[in-house]
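First chain written, first letter: the chains are A, B, C and D, and each begins at residue 1.
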Amino acid sequence: MRELRDLARRLLEEGSVQTVLGWEEGPRGARPVFVRRPEEAERLIFDPRCVHNLAAYLSPRRPHLKGLGRIAICVKPCDAKAVAGLIRETQVARDQVVLIGLRCGGVLPDPEGRETLSGETVADRCRGCPDREPRLADHVVGTAAEGFPGPSRRQQKVEELLALSPDDRWRFWQQELARCVRCHACRQVCPLCFCEQCIADKTRPRWVESSAHGRGNLAWHISRAMHLAGRCVDCGECERVCPGGIPLGLLTRRVAKTVGERFGWRPSDDPAVPSPVGTWRPEDPQEFIL
Amino acid sequence: MARIGVFVCHCGENIGRTVDCARVAEALRDLPGVVHSVDYKYMCSDPGQQMVKQAIAEKGLTGVVVAACSPHMHEKTFRRAASGAGLNPFLCEMANIREHCSWIHEDREMATAKAIDIARTLVEKVKRNRPLKTIQIPVTRRALVIGGGIAGIQAALDIADGGREVVLVEKEPSIGGHMSQLSETFPTLDCSQCILTPRMVEVYQHPRIRLYAYSEVESVQGYIGNFRVTIRRKARSVDEDKCNGCGACTQACPNRKVPSEFECGLGKRPAIYVPFPQAVPNLPTIDRSRCLLFLNRAKGRPDTCKKCAEACSKGAIDFDQQDRLVTEEVGAIVVATGYQVYSIGKETGRDDLHGYGEYGYGTLPDVIDGLQFERLASASGPTAGRILRPSDGKEPKRVVFLQCIGSRDPAKGMEYCSKICCMYVAKHTMLYKHKVHDGQATVFYMDIRAAGKGYDEFTRRAIEEEGARYIRGRVSRIWRDGEVLKVQGFDTLSGRPILMDADLVVLATAVRPQPGIEALAQKLNVSYDRHGFINEAHPKLRPVETSTAGVFVAGACQAPRDIPDSVAMASATASKVLGLFASEMLEREPTVAVVNDALCAGCFHCERVCPYGAVEHREVRNRAGQVVRVVAYVNPGVCQGCGTCQATCPSKSVELQGFTDDQVYQQIQALGL
Amino acid sequence: MDGEGARPFEPRITAFVCNWCTYTGADLAGTSRLQMAANVRIIRLPCTGRIDPMFIVKAFERGADGVIVSGCHPADCHYNAGNYHARRRFAIFRELVDFLGIDPGRLTFSWVSASEGAKWRDVVNETVDRVRRLGPFTAYRELVTDPPVTRVIGEEVPA
Amino acid sequence: MARIGYFPGCSLHGTSREYDESLRALLAAMETSVEEIDDWSCCGASSAHQGGRLLGVALPARNLARAEAQGLAEVLAPCAACYSRLAASRHEMDRDPDLAAKVRLVLAREDFRNGVQVKNLLQVLRDRLTDLKAAVRVPLKDLKVACYYGCLLVRPPEVTGGFDDPEAPSSMEEICRALGATPVAWNRRLDCCGASLSLARSPSVIRLGSTILQDARKAGAEVVVTACPMCHSNLDFRQQAMRHRGALEGEMPVLFLSELAGLALGLPPKVLGLHRHFVPTGSVTSRFAAAAGEVG
């Protein structure tokens, strides 16, 4: 923590950045903070409650950063992949941001978490995460930590669901999606949902009905999962913020499985790695095509 | 408010027999927005078209649906008719109730219901159609010809004689291609060099042809009318402005043992060389992989031999010359990269082209290929035109020719007929007979394919007058027995195995496209078949166009071609190019993608998926002139209208005109319950 | 819809096809007078690259029992690569909707070239037969008529 | 110790005992244990597939199924004909699932997966070329060998999997070079030896065999090497008759590849069965067996 605060202070003092984006202690656990003065660097914290993917704030579609000058952003390995995605998709220029990479041994599911980090309490998505520190970073701070072994429960759940009949899967998802109230928090929190106007808000034509009924909800979640294919970095924010507790990570995981198995793609924090959307190989598998 | 007219065609009995056309017209009449719906026997006839025009004028139609045949059949007809009545042609759509309905169903009820559905989807679509204007793009009226063989030479000369500038790129040090290697040509037996050399010189001297020999196309950007081509001018190590072509350098070179490519390995050349005496341009080139100086430099040793530079009175030798990149702007491209002969299982690096170990090619020196025989027969060749076999320089008295080596054999990876071999083998037997009067030529063939003017007469002459012995069958093995080659085969007509002695065996190897053709095709965005031959746009009706507008194809890079075919194709491409250059502007269908600046988030997925590189980055500035955003821009000249960008765009901020989301959506809606 | 009584179930199939290969292949089936099931309605698009997964979702929403997507064979695309992009897109889409419980038997993806009129007939007949066996896609149509929200919340949300 | 399945076939238990003996000795020296297929039966030879496709495939398949049940991943079939029948059977079943199903039915082996690799001696030795090279004790220096493939070892490529060029093979030469011998370039490597006509039309066999042997001699070979009991028998046993008819002069020793390799590995000639030949092998053994004696 000392290392992080000293670095943040130095960056602000020497003027190489005007804002440091990190986490602080809030009334209900960790929360994002914008540090603008060197003395405020003491507010910064990093511990397993710092679950938020701050890359979402970098999106130019979000006005938060206007007038905040050059920015340094604290990133966990998964967050760094989101920043890489934003660079890949020309939303952020690499030289516009300073990345403060944090060594990470997994986080809790929740910023309010009071538990100590253990194989039981760790956020499910961190199980089996191979990355201990971001490679896409200008500075790397923090103490080295061990991760937790996989597979994650939701990976297992994906496999379980795949073993069911289509009808049983249909029933499962209808029960889950029935809780969707179309608040779009999943979209707002996603660092890679940065469209000027979301397809779900388009009216001419209306591909995604806005009503929170089974048909509109299904269209929305299909559309969201498709748009994140080969882009989702599995930061788990969508699922965390869903007020209905819908296991949205299962959908992105399912898509990630397809993309991984068929096109050999994994989320990467190297912006130069091309996305599987927009690339192809003549030998891509096509066993499903007559 | 939409005012749509529906015109249902009976197509005589073709539609009317299975579809109740009157009922279709009636059903459509009730749709909101439809103000006119009629059926008629022959909508494409003059009176039919008049009905459409009249209705447009009288009822003030804002859209037309013609329920008839496939749009591929008559879309143009009816769009022209609509246009004639003052309606924007892109407000007219075809509902295909013939090919997709009446012709494939028998049940009148079901077919009629389906026809109504089909027409309804198009009515809903046409309501959302917007008037479009054909796109005008300027044309750079210069052409690039890739390949300086006979096809490229002919195309370049025809275009240049037509008054347009031509850039001709040849990868070898000289133009001339394979034709310059041939001795005589079928079916007239005129000397290949004698008819080719004047054309080569003409190219060199033509004021409108810029020749880049020893050069290759590095990259191609742009689109029809507006290509920007980067050409790599490989370092010859000779300053072409200073060199006067005296040849003193080639005489001085101490390394004279390099197998000559031009002589197919049957002759030698120095490391600094002119490939053949009539080369155009007549400039020497240093083969850096063979030159002592460069070999030493590669090993970090000092320059020892500079004999060529010492011999040059003009100081033209430049050991430090580098490759240069030049850029040319052209409006059309002719691909004429020609062929290579099948390597008979050697040196291909491809598993599917192996085979023919049983013929001993490459290990038995007296087993040669057809191109090597051409060099033996050529007066300017390594034997000065005498047929002498490579192993001991003796005159062969028994020569066996084998046809279809690789060709027509799926197991060797080439199931196609190479087309030229039957003829050149017949020619070889004659040339041989003319030079070795007491010699016996024997040909093993599968079929004799001599279709062409004077061709069958020519092969008959080889057999009947020149005494060539033709055996229908294949050879299974060739081996050496002392000085003779044993040829074991089978005569399928007499049903007997044959074992014969030969002094020389000539393999008529298959024609394959040049190596590297795939990479070039990818640069040009043209499609090619699994062998690498460039695909023509239509096998019958568009034989010299390719899948990319403005890129044309001539000669043996498209399929095995003989000289007359190649020349005819080349002239055809020239006429296409000159036609394209006839006007300063070019018209294009407006089926192109358009970006909505306000909504584009600038993620550039569209750029990644665009097969044509049509998507550009465009800066959006505020009033103060500062860049506020960078958005996608689709260059309408480059866009071909596939719409992959739109399906990929997450926010649908790019729309393909004529197939917008709204139009497709309405079609899907129209099919709803 | 379900009250069709004794009438046999006739599947409704929406087909999204590319203009250059499959549409032309279907034209050829027509000129060759190849008889086939009359259940398919074709929507013509320039290229499979243009076909958006949302088209399929919308078709199901509008009552289709099955959907066909068809275009040029690999390496034959009129636009060089649109079909390759489509192939990736629909590989993902197919496995996603299967995961959501849509029987992949309701979806047919095929390459049908301009010269494969007979293949188009087979694709049509096969799809119609397959979807006929799967029955009407009532589950999708009932998504709106069956208001599940209150009922399910009571059961599912854990304490 | 590596393990390999072994299908000796009838010849190796009869007329070509020395092939069997030399193979076992060679593989033991190369630390490979040979596991004979339990209760193996006839490969079908040249007659079964004349009787019908199913029989021709099912008979060898029975042996493959037994090998699979024994947990063998690869099976060495030293006889070229056995190899061809087993490999062809495997190939046919791979290509035609309906046929494979039928075979499972007639064998009453529902669990048969057709997963056993079939290999001939060339493949087995070339797979282990580095080991073989390392095991050589007595390099066969200056021994000029004519590598004789015959008809079935490398053909047809669909069946052999194309492990060597069917028209211009090189694997046996490669192996011989590893043993220190010098393969000669000659013309009759792939000719027919007469094969099963040995008894029915012996004059043909004599004509074919003598042509092969003469060509080998003309190319300077001191010994002909083969990996097929049929070829061996036609070339070795028939030499007297060839001489009798004036088709051959002198003697040309014909060795199995396993015998030649055994000599190079320093195994005693007797262990390799070299005394069982009709044409004396002394011209070869005398040059290399002295040294072998010390090792063996």
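Some points to look at:
The criterion applied here is as follows: contacts are C-beta pairs under 8 Å (C-beta built on N, C-alpha and C of every residue); 3 or more make two chains touch, one makes a residue touch a chain.
Just so we're clear, the structure is a prediction, and the values are computed from it rather than from any experiment.
Across B-D and A-C, the chain pair carrying more C-beta contacts is A-C.
Note: centroid distance chain B to chain D, computed from Cα atoms, is 51 Å. Here the CA centre of chain A is 33 Å from the CA centre of chain C. Per-chain CA centroids place chain C at a distance of 57 Å from chain D. Separating the CA-averaged centres of chain A and chain B is a span of 48 Å.
The set of chain C residues that touch two or more partner chains comprises 53, 58, 75, 81, 85, 89.
Of all residues in chain A, those that touch two or more other chains are 199, 207, 277-278. Screening every pair of chains for touch gives A-B, A-C, B-C, B-D.
Within the complex formed with chain A, the chain B residues making contact are 598-605, 607-609, 629-630, 648, 650-653, 661-662, 665-666. Listed in rising order, the residues of chain B touching chain C in the complex are 70-72, 96, 98-101, 103-107, 110-111, 113-114, 117-118, 121, 525, 527, 530, 547, 591, 609, 611-612, 640-644, 646-648, 656, 659, 661, 664-665, 667-669, 671-673.
Chain A makes touch with chain C in their complex at residues 158, 161-162, 166-176, 178-179, 199, 207-209, 212-215, 218-219, 221-223, 225-226, 229-230, 245, 250-251, 254-255, 257-259, 262-263, 276-278, 280-282, 284-286, 288-290. Remark: chain D residues 165-169, 185, 187-188, 190 touch chain B in the complex.
Note for the complex: chain B touches chain D at residues 354-358, 360, 363, 477, 479-481, 486.
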